[in-house]
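Here come two complexes built around subunit A, the first alongside subunit B, the second alongside subunit C.
So, the complex of A and B:
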């Protein structure tokens, strides 16, 4: 905690900035959430009463439910494949001392910054050659590439933070390389891996452009929503949108909680302090 | 600690460890050049040298963490070429301790026992025994992040010793501790060595650690062993200029060999003729320039002692450095060379410390060490 005294005006300015920032980001989404519970055909004020009917519509629409199930199965598989691919890449980047590594890392984490439309178009042409366009497999492959960039970013830091002496110490004490991986390496990277898995799932879960290009009749939830929007607009779409947003939020929150999890029952800062105290008391 | 059966039957002079012509290259860098070294069972051997001299590589080769480029190593008579690192039973104490941060103190020590497949029933009693021996039983359930550097050091030692190995490898184990704690741990390590009978293979770059703990010191530089000997021998009879300067408070001077007769040499040192025993034999001829070392604590001001024999030289007192029990004098000789004389403060006569004053110094010719030329 920062204990510096701040003047009232500074405090007001800070709170104002917070409100403006969060307002800018979340007011539109909040509107979507609010209108998903509004008992009216039209998403406009005044408030006409609370209802769950749009959610019932959503749950009883077989096309929407089918695409939701598709989205979930795609997201889980993307999470898994992106974790494997991204972890391997992160391990290489962290352990392989090689001059062009930073440039390679740059290329690996670039896809999220390429306009998705271009990425999707390129994937469409490429997968056409492989005759897999129009399938969920194509969507999974496309999303895996995109999501693996996020996995590399998270896992690289985990691997860099690993002390290579720990693995050597385990082998030195008598465990095989394989046993060492499970006993020493895995426990240290597990939180990062879990967080990466959730982030990759979130990337896939709400991705629209790639899914729209690569999927066929069997499609994902965002693509299905787009289809609904281009036809008759029902407030049900607000309910679906709220649901998609809630799932994304849960995934990202889970990832953040895991990544910030305190070490050994203590927050990192506390550990530092305890350590310093012990040092000065026992050795001073 | 009970003797291992293999140890009990080993003959006294059979080495526990041997390096035979061991070399190690990393790319174009020759980290070790044909090393020959034998370590006796129960010995405390300290390998010392500046950073990059190959001392840590030697340790890692023995542990199997690196493969030698050529040569042969044996441990208790077994050729190590076919023994994987995990099977060697050469536990190591690391400079940064290498404790597992996601385990408690107890789990760290237990890890070492599980690694050598100790029966589950014995685990907790053996862990307790070693936590007690190292005085850290009260920390058993602590997370590693919450204990101090000195405590981590003890956990690291417990984790290695609990395997009751024949040899313990220590890689600069005290370097991360503050000076005061380091001295205390030196005494404890020495005691641990005497009580356990385990061979200690200790790598360090601190002269004081090697001198105070080791039975034998191996001095290394640039991938080669320069000298092997007991601490007093290394300190008093350095073989080369490198050892003289690295291991002690030695003054190294250049002298010319004026005359060589039987086993006597006459040297010209700061213009004064000095007669010394020729310890270098045929390595040296009349007319050669030779490096001569004299330890700082063997140089005395003439006024301070009433000895008349010995090497007497004139100089100027250029500076002093008081450090409690001793005072170091910096004496400028006629040719500008500055010699260091370390004097016991308690024995010093008053009135000598006028900077710039003439000062006559002397030393016993027996305290002069002729150094072999390097390379």
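So, the complex of A and C:
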């Protein structure tokens, strides 16, 4: 490593850029949180005192609470379905090599690359033909495809990091595939599975457009909030927003922290590198 | 002793049963792949195909019925509202993407060159978290930052500058789109700047190149594929967005996405909405293909 002299002006410019970038992303969020405690009907300066009024309003608003419960039940179900579907698929592409593998993987992780508006529109037309639009079931079905793409991406790297010889040994020693899975594979991938579950939940909890198109009277929290947004202005929205934001941040942070821990004795970045090496060897 | 014999028999058994195991493996593979395959076909591929098909269907007695009628296409493609929205969406999306990369590039350099390896990891986490979190809420929070009597104006006027109302202007749109795409742009650029050889810049400087020349001939050239990828992804995210124009544009700017929303929410003219949706998909695919060719130009065969 060469030691490069960095001039003071370069240093100042770098710090300024970091402030601009992170400020752009985090100052509005900070504003949202701060104004959710501001004792004024208008979200503006100067500060007029601390209150929990908007949170009480939020907790005592039956529509908002109902949509909050809806959002949670939808997110948990989406997390569960996406985890099961995605893990099975990820195990397949991580363990066996076959010609169509890359095409299959590409197809499975495709939904997030399509704008959610297009996905929502297509699903709306499709579910309308099947007569299930306007239900939370439609929202769950719609979110699961999107969320399982993330599960496949995460779990595939997890499975690749496992030593396949352990499973092979277990099978050769006479254990069934089933027993091998529960005794050898599952304990090692449990953290990755938890992380995938959290990410899938976060994707659903936060998603707006698909839920907006597919849900009906019974709706999710982001959709309910959007109704409030375009209706009357109340600082309660800041309290709801802060809550939604806090839940997603916790889910995503928990997932990232879990994924950052070593797996199979290797650091996560090493896993990716080993995997990349393997891929290039295959191609080369 | 007996344990070892047990192991031995089990292993021999396993070897002897190999053909049978291979067949079981195939069944297992099918069992593993089928659920997700069925799911993504039923709830992703088929709906998209249906959307394509529906562009030639018609509405009769308030229901959509299959047909082979091209009038939706002729109506949409000759509609000035559609063209206005298409051009408007393309221009704003491109502006947002370019502004994002212009700010994101020095920011990403600051992260890679100015922070320790550990701090870089933290910075990446702080970029990934907002990408997943409450785009709707983050756009909404810009609403009261930018409003007439909003935080930004109060702060600016407190130091003596007359504030301007940025809400419902194109600037607000760019800000809203960047709320979504800026983290993605930066993650792409940071990961690729990490692979850029710092020595090349030193070498160029030692050979007498000025900073501008170094920037274009070494940095931009080295990062070209990722720069194009960042602009493309950011552009696509903005192109398909409906939240920002609605929340920060105050309904003054009708984008293609909003046209879809209005058509769908206003009734069941699904064929018309499908036509706009397919037009959007075609635009996005064209842009992706063009940028891929730009990023990885086909090698000219010189004999």
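By definition in this document, the second predicted complex is superposed on the first by the 240 of 284 C-alpha atoms of A that agree within 3 Å, B and C clash if a C-alpha of one lies under 4 Å from a C-alpha of the other, contacts with A are read in each partner's own complex, and residues count from 1 in each chain.
In this text, a contact is a pair of C-beta atoms (placed from the backbone, for glycine too) under 8 Å apart; a residue touches a chain by one contact, two chains touch by 3 or more.
These numbers come from a predicted model, not from an experiment.
Chemist: If you stack the two complexes on chain A, which partner ends up touching A:172: first (subunit B), second (subunit C), both, or neither?
Modeler: Touch partners of A:172: subunit B and subunit C.
Chemist: Applying the touch criterion given at the start, work out whether A:142 contacts subunit B, subunit C, both or neither, answering first, second, both or neither.
Modeler: It touches subunit C, and subunit B stays clear.
Chemist: Given the superposition on chain A, which partner contacts more residues in subunit A: subunit B or subunit C?
Modeler: C
Chemist: Using the touch definition from the top, say if A:184 reaches subunit B (first), subunit C (second), both or neither.
Modeler: The first partner, subunit B, only.
Chemist: By the touch definition at the top of the document, which applies to A:222: first (subunit B), second (subunit C), both, or neither?
Modeler: After superposing on A, A:222 lies in contact with subunit C but is clear of subunit B.
Chemist: Looking at A:199 after the superposition, I want to know if it touches subunit B, subunit C, both of them or none. Which is it: first, second, both, neither?
Modeler: A:199 sits against subunit C, while subunit B stays out of touch.
Chemist: Contacts for A:210 in the overlay, against subunit B (first) and subunit C (second): which applies, first, second, both or neither?
Modeler: So A:210 meets neither subunit B nor subunit C here.
Chemist: Is A:237 touching anything from subunit B or subunit C once the two structures are fitted on A? First, second, both or neither.
Modeler: Only subunit C is touched by A:237; subunit B is not.
Chemist: For A:110, is the partner it touches subunit B (first), subunit C (second), both, or none of the two (neither)?
Modeler: It touches subunit C, and subunit B stays clear.
Chemist: Just which bits of subunit A does subunit B share with subunit C as contact spots?
Modeler: The answer is residues 171-174, 177 of subunit A.
Chemist: In the complex of these two chains, what residues of subunit C are touching subunit A?
Modeler: 7, 10-11, 13-14, 24-25, 28-29, 31-33, 35-37, 39-40, 43-48, 50-51, 54, 64, 103-104, 106-107, 109-111, 113-115, 121, 125-130, 132-138, 140-142, 144-145, 147, 149-151, 154-155, 178-179, 182-183, 186, 198-199, 202, 236-237, 239-243, 246-247, 257, 260-261, 264, 268, 270, 273-274, 277, 280-281, 284
Chemist: Of all residues in subunit A, which touch subunit B in the complex?
Modeler: 163, 165-166, 168-177, 183-184, 187-188, 263-266, 271, 274-275, 278-279, 282-283
Chemist: How about subunit A: which of its residues touch subunit C in the complex?
Modeler: For this pair, the touching residues of subunit A are 2, 4, 11, 13-15, 17-18, 20-22, 24-29, 31-32, 35, 42-46, 84-86, 88-89, 91-92, 96, 104, 107-108, 110-111, 114-119, 121-126, 128-129, 141-142, 144-145, 148, 152, 171-174, 177, 199, 202-203, 206, 208-209, 213, 222, 225-226, 229-230, 237, 241, 244-245, 248-249, 252-253, 256, 260.
Chemist: Per the contact definition, I'd like the list of subunit B residues that touch subunit A in the complex.
Modeler: 63-65, 85-87, 89-92, 94, 96, 98, 100-102, 111-112, 115-117, 143-151, 159-160, 163, 178, 180-181
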